[in-house]
């Protein structure tokens, strides 16, 4: 009997590791690949350096007036700098900016525990954020109570309005979406068809026609003399529109809950609503958080459409600034600024939802 | 003992409200009544309000003369046509941009989706950057950007970039010759028709022969030859019954020819690039959903990578891709309504915009517009579902 | 814990028959699953139901707590006839516990919460008391130390025992088991069977669909053999295994015993 | 259907050695998976490869039809050396059939279409003829009646037999098997092994990674034991099992035989 | 009427204005609105609530304005809106008067070398959607047998931007707007306004049909401003004029005569307008005339007795 001595591990040949090996297998593995790589590199060479020059190297950053930018060949960020408050807060009175800051600061503080693994009362905190936080925020924005001066909704604007619209849209569409999703899975034919028609209707029409209806036509449908805030109406329009999408997301979650869960709840004697509230929905909603985040991203981008009905969200307020005779001709800077703000928000949220999805897909032991 | 049991346990028929079936019917009746009442109230309110404000109702306005011009029309139109015609013009423009958008977005999406999975590091990275950048920026912003980005650098019409004296590119659009059919052109059309029919037969025959003998036939080349050659022959025989209407530079603009206006171009670019990014993700996830074992098995059988993709991977990936593709097509169609922001005369801009404003018939116009979008959406999803079913059938 | 001194037992506790099926028929669409089923179960009886796959065993016991509806005949549980009446259904479900093949624990709740849920929300018990009851039954199934864990963190056998405890927390008079061990690895089957045997010894009325013939021999008062939606044979275990009356039963037994 | 009268066998059919590995090394990144592998397989030989998990068995046979690339040494299959050259790779893949652990049937095609795909698209056979060939092999693996079904409708054992038939349709001279039975239930293992034994008897050159020692004893000419990326021992089955040379082999055998 | 009741109940006037047209209605960085059209809204608020600031503004695009008014989304529209038969009769609107007499004109770049609109055959025009401009342009070219290409945008802002980018040869709009829009060009001096005026554009405030009392308040608020100019009453001297002996002045300021009762307003309604908003002339000069960057001459908008068209019925 021979005792086996293992062959020593040898280092791999030089041409398959390191930079050479990497580029050989990742860039130049076949003639076609080589051609593609060279073409791509050329493309990058064409686009990236001029872009970096314009955005950073040749850009003007300091100054307060148009004259500061006269000499620069790059972007004029002074324009954005001068207007930044308006871009963030709209026409909100300057003395009251702290209220907006407080509202969003509060959200961040409240949301942090949700990301802490060991935190126990996530569900309760989430419920608080969904139910009470909007009320607090509304108080802070609108004022009129607690010694806060009243600020009309027409003065809300900028990024804060964009966030408010998207936030309200998603929070308000959640309950309606749940009801619709349950309705669509209902065995009652009429309930089911009503829900299907409702969902398909909202999913089939463009948001701008919905916004147009809610912003200028709604009073036509209401009894004489009833009227309410334009922003509120836009929000209702958005929420209805969004609820259809939300319903489909939630339906996916409900479908993913095994039938056994329904049966077990039933066998224990829980009524329909109790088994929904205690057993099915908590599981289904958790499953669809990534889907909800994705809906939120879509909504966040779609809020730009409110500029068509004369609300000043981030994009609208930047566009409005282009008309300032003192700053004519800096629209590219404005668009780039708007694009980067939107991009940062959407990209980080989509990354978050992707990581969540991964987490839910793998260790679902909780 | 059993009888005792019966006596004890047999209850009278349960009260109506305790029977689920009854409850459910009752609840549904309630729902119908509620919705009916709601609808009725809205309807009444609207009628009341309209009457009180002296606004006429009905669709009579569709027959009135419109009296305004439209930038781009696919059917004959001038200001003497009716409002009903503006509806058609807007609808066709919407369908045009949606159709082309779907085509290009699918093309870009599939290319980028495959590129993202490429073994070439740079290509896959570029595709990733493309997807992440364009997916996460609002479409409206992109449309505005492309519009002004396209307009800015282009020269005025008199400084047009001219190619071959036939194509003129300026900030008024891309002008090119349009065909003028003269007498005898019918034969060319006939030849084209014959060629197409023949091609179909040849394709069938080639397929059959390949099944039978294994010989492959260059169907594509033959068909191309046929479809080009036959009409060309007819064209020459009839003494070239076609002339071109070349665009000519006039005092201000180009006149004659065909034009792709910058509004259409910008909208199309924005829609295709934006939606393409989403489709690319769908394609990628679809391809990834097909297990690697399938590729290996195909390779082990000696199939080349191209055939593997075509015969094994894509047919399976489509099952995952199609539903997502459907919703992207729907989104694209609805998003084409953002045309109104840059003045492309689509349905929303022309009909729900100018026509609504000139006639004041908001309820009728908006109802018609929504109905049209709803119909388009439903047709797209019906078609896609039908297609999805068909390929599902192949699978199971 | 015999059920006769059970607080929630109905007034006619003296009556011996607790489950009664009379001429029960059921269809799934056109498909006739249950054909003229007649069955009487006495209080404290332990019945094992077996038969080939698709013979309607699950369907029958699911009819008993109205997870499925029957279309013809009568099902009377603890003096309550199962009809459309929501009251009756609620009443029966309170009396009947059920354990499934796939446990069907609620993965988002801890073991303890799983057990307390129904007592709190259906029996309206205060949480403290419900937790006390739950812990008692968790001890009975021998996993009190797992109370704070989530189902996903337990083995299959442990999960099934939690499922049993969860049903017991509602103080049912009758327990239904639908192949409680068939999704388990061999090592775990034993722990679950032990729990069930213990339960049987405490005098609980049990209906159990299972192919564990050892279990049937040990605890059953009666074995019922179903095929094609009918009850083909019904006998005490010893007779059933050693002297099957029907050729179908014989065939079936030969198959499962050789395996 | 012995392979010597095979139409597609190469011109140097007189040569006895059909697969030759000479000093083959392979790395995954920094990880040295195959270390100086030397192996010669003669035409008609049936070789079983075994060894602990991760020892490089799969990697080795996957190198033989170039599903993996080796970095050093030579692999010559049927007179063709495996290099970057696409022509050579195609050539080798036509000669070598492979059967995977997870079958890897194409779920969107019927069994028959699965079998015809490669003959039609790679060998450019007319469909009619390809179907004839396919049916012949489906008969050989004893499932001609399943030809019109989809893979998803078959049991695991049937699927694996389809996979074998699919490979055979390309008329390969050599068959590679990578643990063809390890994803199957015990009843099904037998049907697949029977098919493989029949194939072996018809004189096919076979390389088979498997832990079915019964199979190895019945059909193998040689058993190869791998560990840590090396071939540690190579012997005829009787010797291998009864008189292992290396301590590693002994350890391994003691583990799998006791199981 | 219902609208008036609703306005009184709310305590403010919801006024539809243009999204931003310098001189007529535009908001500053703080969101405060000013302009000739805005002043009409303010006058109505002053008449009704004795406080010109009790107005809320709804910025509207041309396309939205009538729908907003019809639906009751706004109480009155003061947004350079042309008075036409169709609008007055079939859209359910009531025009309360004319606060600016305008006419449609053309703006072209000087480089083009065009001196008259009649040379514009084949040109393309940037226009705003949903305006009479769209219709007039079509008529003008049809009657002169010329061809044109319309490029239609939602807002005046986009229209200017597109014109600036060279999308069209000419921009057409009401003359007053042309001047206002020209300032927004990258190079205002490079563009010129052609002399032709191709239409009559009487612009004025509008209310929805169905509430005559409300309509009359709007209409007489405007008349009060014109009358005040005619009588020489300004925001500066209104208090002094209270003691004037001129019966016309006394009637206007609510010292004698029917006072406010005819309209259901407080007696000093007109005085409040003049005090807080000023007379028509003041408003004109401040917003579009010499006091502004537009520097539009009075022209047709001078009082009737000064060679213009502004004429208000007498207060008596």
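As written, the chain order gives the labels A, B, C, D and E, with residue 1 at the start of each chain.
Quick note on the criterion: contacts are C-beta pairs under 8 Å (C-beta built on N, C-alpha and C of every residue); 3 or more make two chains touch, one makes a residue touch a chain.
All values reported here derive from a predicted model rather than from experimental measurement.
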Chains touching both chain C and chain E, listed by label: A, B
Identifier of the chain whose CA centre is least distant from the whole-structure CA centre: A
Identity of the chain that, by mean CA position, is farthest from chain C: E
Chain of greatest Cα-centre distance to chain D: E
Chain C onto chain D, rotation angle from CA fit, given as a multiple of 5 degrees: 160
Whole-Å separation of chain centres (CA-atom averages), chain A against chain D: 52
Inter-chain centre distance, chain B versus chain D - centres from mean C-alpha coordinates, in Å: 49
Centre distance in Å when chain A and chain E are each reduced to the mean of their C-alpha atoms: 41
Per-residue overlap in chain C, given as positions that touch at least 2 other chains: none
Where chain B touches two or more other chains, by residue: 49-50, 52, 148, 340-341, 362
Residues of chain E engaged with two or more neighbouring chains: 2, 64, 67, 70-72, 154, 161
All chain pairs that touch each other: A-B, A-C, A-D, A-E, B-C, B-D, B-E
Chain B residues touching chain A - in the complex, by the definition given at the top: 24, 27-28, 31-32, 35, 42, 45-46, 48-50, 52, 118-123, 126, 132-133, 135-141, 144-145, 148, 330, 334-335, 337-338, 340-341, 348, 352, 362-363, 366, 369-370, 373-374, 377-378
Chain E residues touching chain A - in the complex, by the definition given at the top: 2, 5-6, 19-20, 27, 29-31, 56-61, 64, 67-68, 70-73, 154, 157, 161, 183-186
Residue ranges of chain A in contact with chain B within the complex: 25-27, 29, 33, 36-37, 40-41, 43-44, 187-191, 194, 200-201, 203-209, 212-213, 216-217, 219-224, 297, 301-302, 304-305, 307-308, 315, 319, 331-332, 335, 338-339, 342-343, 346-347, 350
Chain E contact footprint on chain B (complex, rising order): 49-50, 52-56, 67-71, 79, 148, 151-152, 154, 156, 171-172, 250-253, 255, 262-263, 340-343, 345, 349, 353-354, 356-360, 362
Of chain A, residues touching chain C in the complex: 258, 260-261, 263-271, 274, 278-279, 282-283, 286, 364-366
